[in-house]
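Below you'll find a set of structures to go through.
Consider the two complexes below, in which subunit A is the common component and subunit B and subunit C are the respective partners.
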Partner chain A sequence: MITLEHVSFRYSSGYLALHEIDLSIQGGDFVAIMGENGAGKTTLAKHLNGLLKPSQGRVLVDGEDTRKVSVAHLARKVGLVFQNPDHLLFSETVKDEVAFGLKNFGFSPEVVEKQVGRTLEALGLAEYADKSPFLLSGGERKRVALASILASEPDYLILDEPTIGQDYQQKERLRNFILQLYSQGKAVVMITHDVEFVAESNPKVILLSKGQIVGKGSADSVLSRDEMVNRASLVKPQMSRLFGELTKYGLPRDVVDVHRARILLEDKLGEVKAPVAQNP
Partner chain B sequence: MSRAREIIVAKNLGFNYAGAKKPAIQGVNLSISEDEFILLTGPSGCGKTSLCRCLNGLIPNFYQGEWTGELMVDGLDVTTQPTSELSRRVGYVFQNPENQLFALTVEKDIAFGPENLGFSRDEIRERVDVAMKITGTSALKELAPYELSGGQQQRVALAGVLAMKPSVIVLDEPTSFLDPHTAEEVMRAADDLRRELGLTIVVVEHRLDLVARYAERIVVMDGGKIVADGNLGQVLDEQFDMLEGLGVGVPRVSLLWSMLRRDGLVSGKVPTHVEDAASALSGMMSD
Partner chain C sequence: MLIPALLFASVWVMVILLLSQLPLLFIGRVARRWALSLRAGVFLSSLIFVVNFFTGSVFSAIALTLRFLVLLTAFSLFFMTTSPDDLGLALDRIGAVRWLSRKWLGYPNALSFTFTTAVRLVPTLAVDAQTVVDAQRSRGLELDRGNLLRRIRNYIPILIPLLLIAIRRSLELAEALESRGFPGKEGRTSLFQLKLKRGDYAIIGISVGAIAVSIWIFFHYRVPVF
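Then we have the complex of A and B:
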């Protein structure tokens, strides 16, 4: 379990980026941290693996205080995939890139090879194994960065804006991958302002604004509430905006996902149509 | 509206990067007029970024490979013009504004392009002031680019290309790093440039819902070819299954409508906006 207790963080410039954050994340959790540009999302993510230490309060990773253990030690448990893949990539081939962390952790060459192959396969990167990461497109480089962290199977996976530059099919693949990870008991935390991705993935949502948590709950309850969504500079998902207009017909307001919307409307429109069918 | 001038004309355009097995773009025929707002989309690797690189001459001037066909931009043949000439006419805003901004202040960053063109001080001042005014960045002029939010940075990048007085602005996934409110703000700024200055805007974007309000026309690419080109609402309505099959991020209301239409519960055109869907559904439910 990762626990943040009253965590505040002030950059050396004096800017208060996080203010009194209380949060806990455990295996099997799937959490989306959302908020405006500059809300403190990435600063929060860097606290989860000890890259930043709180100015006040503390962060415990499986009971260990991040101020007292090294980032390298925490890296085996907490994998952080940065927003910009170029901050993470440096090897000559995709294969080497993904193997780097595993080698550093001291795994045998056989384990490294097997694990690299598996991860590349799962992320649809097998065909690029021998290419330079820098010859790939932005979206592909992002997946290589993800693979390099995933290969060592951290218990806690932190993804900073994983959907940027990904097309719809790749987002579907990412969604399935995340689903698989947390159903295996891993914790997945994603930082994102992709409201439609969140609406269809249904994680727990934590809304951050100006360094403070301003809302918490299921995706459908949080993302369908105007005051919360506005405060975090987000826009409601399309389904929520649509259902906000349809409450007078007895439909619920808290619908964010297109599949639930379809079921509700099928029932509703079925009712409307039925009498017509009986009395042509 | 008077008939607008053609600003981009591609005839059977193709490009194969040196060493690549397949051409990145092939057989592209495209004609874009002044003051159009175009959404260019398609799955990763479909050739949309390569096509944009042709528009400002990065291809074939900076990328090795085999060029076929013709491309005229603002009356200039891309293959014979120096990129310096083309980059004055086609401004390019990249996905990550951090990669584009480098000067110590916003004002200097915006002035960089016109300074390099050797204009007089007065001309530079005027271009910078106008660009800042239109993009709403005047208040930021003394700040360093790194002090700005993502949306502000993207508007400064837009001002920088605007100060070159281009005829076309290409925005390549300009909102990826931005929160939805800020993304909306950048799209609106681009649309203002089209309406007020008659610029041609080409936006590359995976998320159609962000652009659907501004773009009348959509161009869809797959495997280096154009597979759909037309009015956005019409393409969504008539070729919905194809778009979905390609993995294009169709607006969620359009997807919902198409599913209900398949179920036989609704009929009529696929809506592109929430408002259209809401009024159509309201109409059906209030007997």
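Then we have the complex of A and C:
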């Protein structure tokens, strides 16, 4: 379990990026952290693996205070995937890139090879194993970056804007992949602006604004509420906007995903159609 | 400051130069930042001291260390009080720079622009460097692990992404500039016009005078080390 207790963080420039954050993340959780630019999302993510240490309060990872242990030690449990893959790719081949973390953590060559093969397979990158990561497209590079973290099977996976630059099918694959991970008991934390992606994946949502948590709850309860969405400079997902207009037909307002919308609409249409069908 | 500091290797001259710089630091309100760069210079200045102590006398070691501090202060004063934008504008107004730029690069303002861009990119690159370090530490990289050779090798995962980012950014910058029609036509005007005021002339006068006097002293007297 990762626990943040009254965490505040002030950059050396004096800017207060986080203010009194209380949060806990455990295995099996899927959490989306959303908020406007500069809300403190990435700063928060960097606290989870000890890259940044809180100015006040404390962060505990499985009971260990992040101020007392090294980032390398925490990195084995907490995998943080950075937004821009160009900040971490440097190897000659995709295979070496994915092996880098494993080697740093001191795994034996056999384990490294096995894990690399497995991870590349899982992310659909196996065919690129011997290619240079720099010859891949932006979306592929992003997946290599993800693979390089996933290979060591961290208990907590933190993804900073994973959907940027991915086409819709890749996003769909990413969603399934995340689903797999947290149903295996791992925790997945995703920082994102992608309202539609969140609406369809239905994680717990944490809304951050100006360094403070301003909203917490399921995706449908948070993303369908105007005051919350506006506070974090987001726009409601399309499904929620549609159901906002349909309340006069007795439909609920807090619908954000296609699946639930379909069930509700089918019920409604059934009611409308049924008498028509009996008449003739 | 620079020329007298480089002409003489005397403890007294250095002390005088350093003392004359101190009030300027406070006038320019950069004393605090100067102290920070001084802290960064501690290692180098102690190195200079040690090397010169063993190759020369104590006094020359003190003098040369002080000379380093004088140079450091002079550069700090200049770069901390002059914004790179102003410097670029000023360079653009110097006929010789425009002439050289036209000769080498084909456009009169290309050289001053290159300079401004180079200075501008330093802080951006510093931010990138921090991000790259963070990203690699998140993959278990420990920069301060192992012997000296290993430690140097540890920096490869930092340097390669940084270099690639810099190259990619410069290519993007070039495309952006070309798509906006850089370098434009001859006789470009500037939003901010730099003008030399009476104070500027006074400073130039004092500087030229100081240089002249120190050159004169250099050729007519032998200034003792101590």
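The rule is simple: the second predicted complex is superposed on the first by the 279 of 280 C-alpha atoms of A that agree within 3 Å, B and C clash if a C-alpha of one lies under 4 Å from a C-alpha of the other, contacts with A are read in each partner's own complex, and residues count from 1 in each chain.
By our rule, a contact is a pair of C-beta atoms (placed from the backbone, for glycine too) under 8 Å apart; a residue touches a chain by one contact, two chains touch by 3 or more.
Just so you know, these numbers come straight off a predicted model, no measurement behind them.
Once both complexes are superposed via subunit A, do subunit B and subunit C end up clashing or fitting?
They clash.
In this superposed model, does subunit C or subunit B come into contact with more residues of subunit A?
Ranking subunit B and subunit C by residues of subunit A touched puts B first.
By the touch definition at the top of the document, which applies to A:70: first (subunit B), second (subunit C), both, or neither?
It touches subunit C, and subunit B stays clear.
Counting only touches as set out at the top, which of subunit B and subunit C does A:46 meet: first, second, both, neither?
A:46 sits against subunit C, while subunit B stays out of touch.
Should A:82 be classified as contacting the first partner (subunit B), the second (subunit C), both, or neither?
The answer is second: A:82 touches subunit C but not subunit B.
After lining up the shared chain so the two structures overlap, which partner does A:1 touch, if you call subunit B first and subunit C second: first, second, both or neither?
In the superposition, A:1 touches no partner, neither subunit B nor subunit C.
Check whether A:149 is in contact with subunit B, with subunit C, with both or with neither, and answer first, second, both or neither.
second
So, does A:104 touch the first partner subunit B, the second partner subunit C, both, or neither?
A:104 sits against subunit C, while subunit B stays out of touch.
Tell me the contact category for A:60 with respect to subunit B and subunit C: first, second, both or neither.
The answer is neither, since A:60 touches no partner chain.
In the overlaid three-chain picture, which partner chain does A:258 touch, first (subunit B) or second (subunit C), both, or neither?
first
Does the superposition put A:134 against subunit B (first), subunit C (second), both, or neither?
Touch partner of A:134: subunit C, not subunit B.
What residues on subunit A does subunit C touch that subunit B touches too?
84
Where on subunit B does subunit A make contact in their complex?
Result: residues 43-45, 49, 95-96, 98, 149-151, 173, 176-182, 184, 206-207, 209, 247-253, 255-256, 259-260, 263, 265-266, 274, 277-278, 281-282, 284-287 of subunit B touch subunit A.
Which of the residues in subunit A come into contact with subunit B in the complex?
By the definition above, subunit A touches subunit B via 35-38, 83-84, 137-140, 161, 164-172, 193, 195-196, 199, 233-235, 237-239, 241-242, 245-246, 249, 258, 261-262, 265-266, 268-270, 272-273.
Contact residues on subunit C for subunit A in the complex?
128, 131-132, 134-142, 156-157, 160-161, 164-165, 168
Name, in rising order, each residue of subunit A that touches subunit C in their complex.
It is residues 46, 49, 51, 70-72, 75-76, 79-80, 82, 84, 86-90, 100-101, 104-105, 134, 148-149, 152 of subunit A that touch subunit C.
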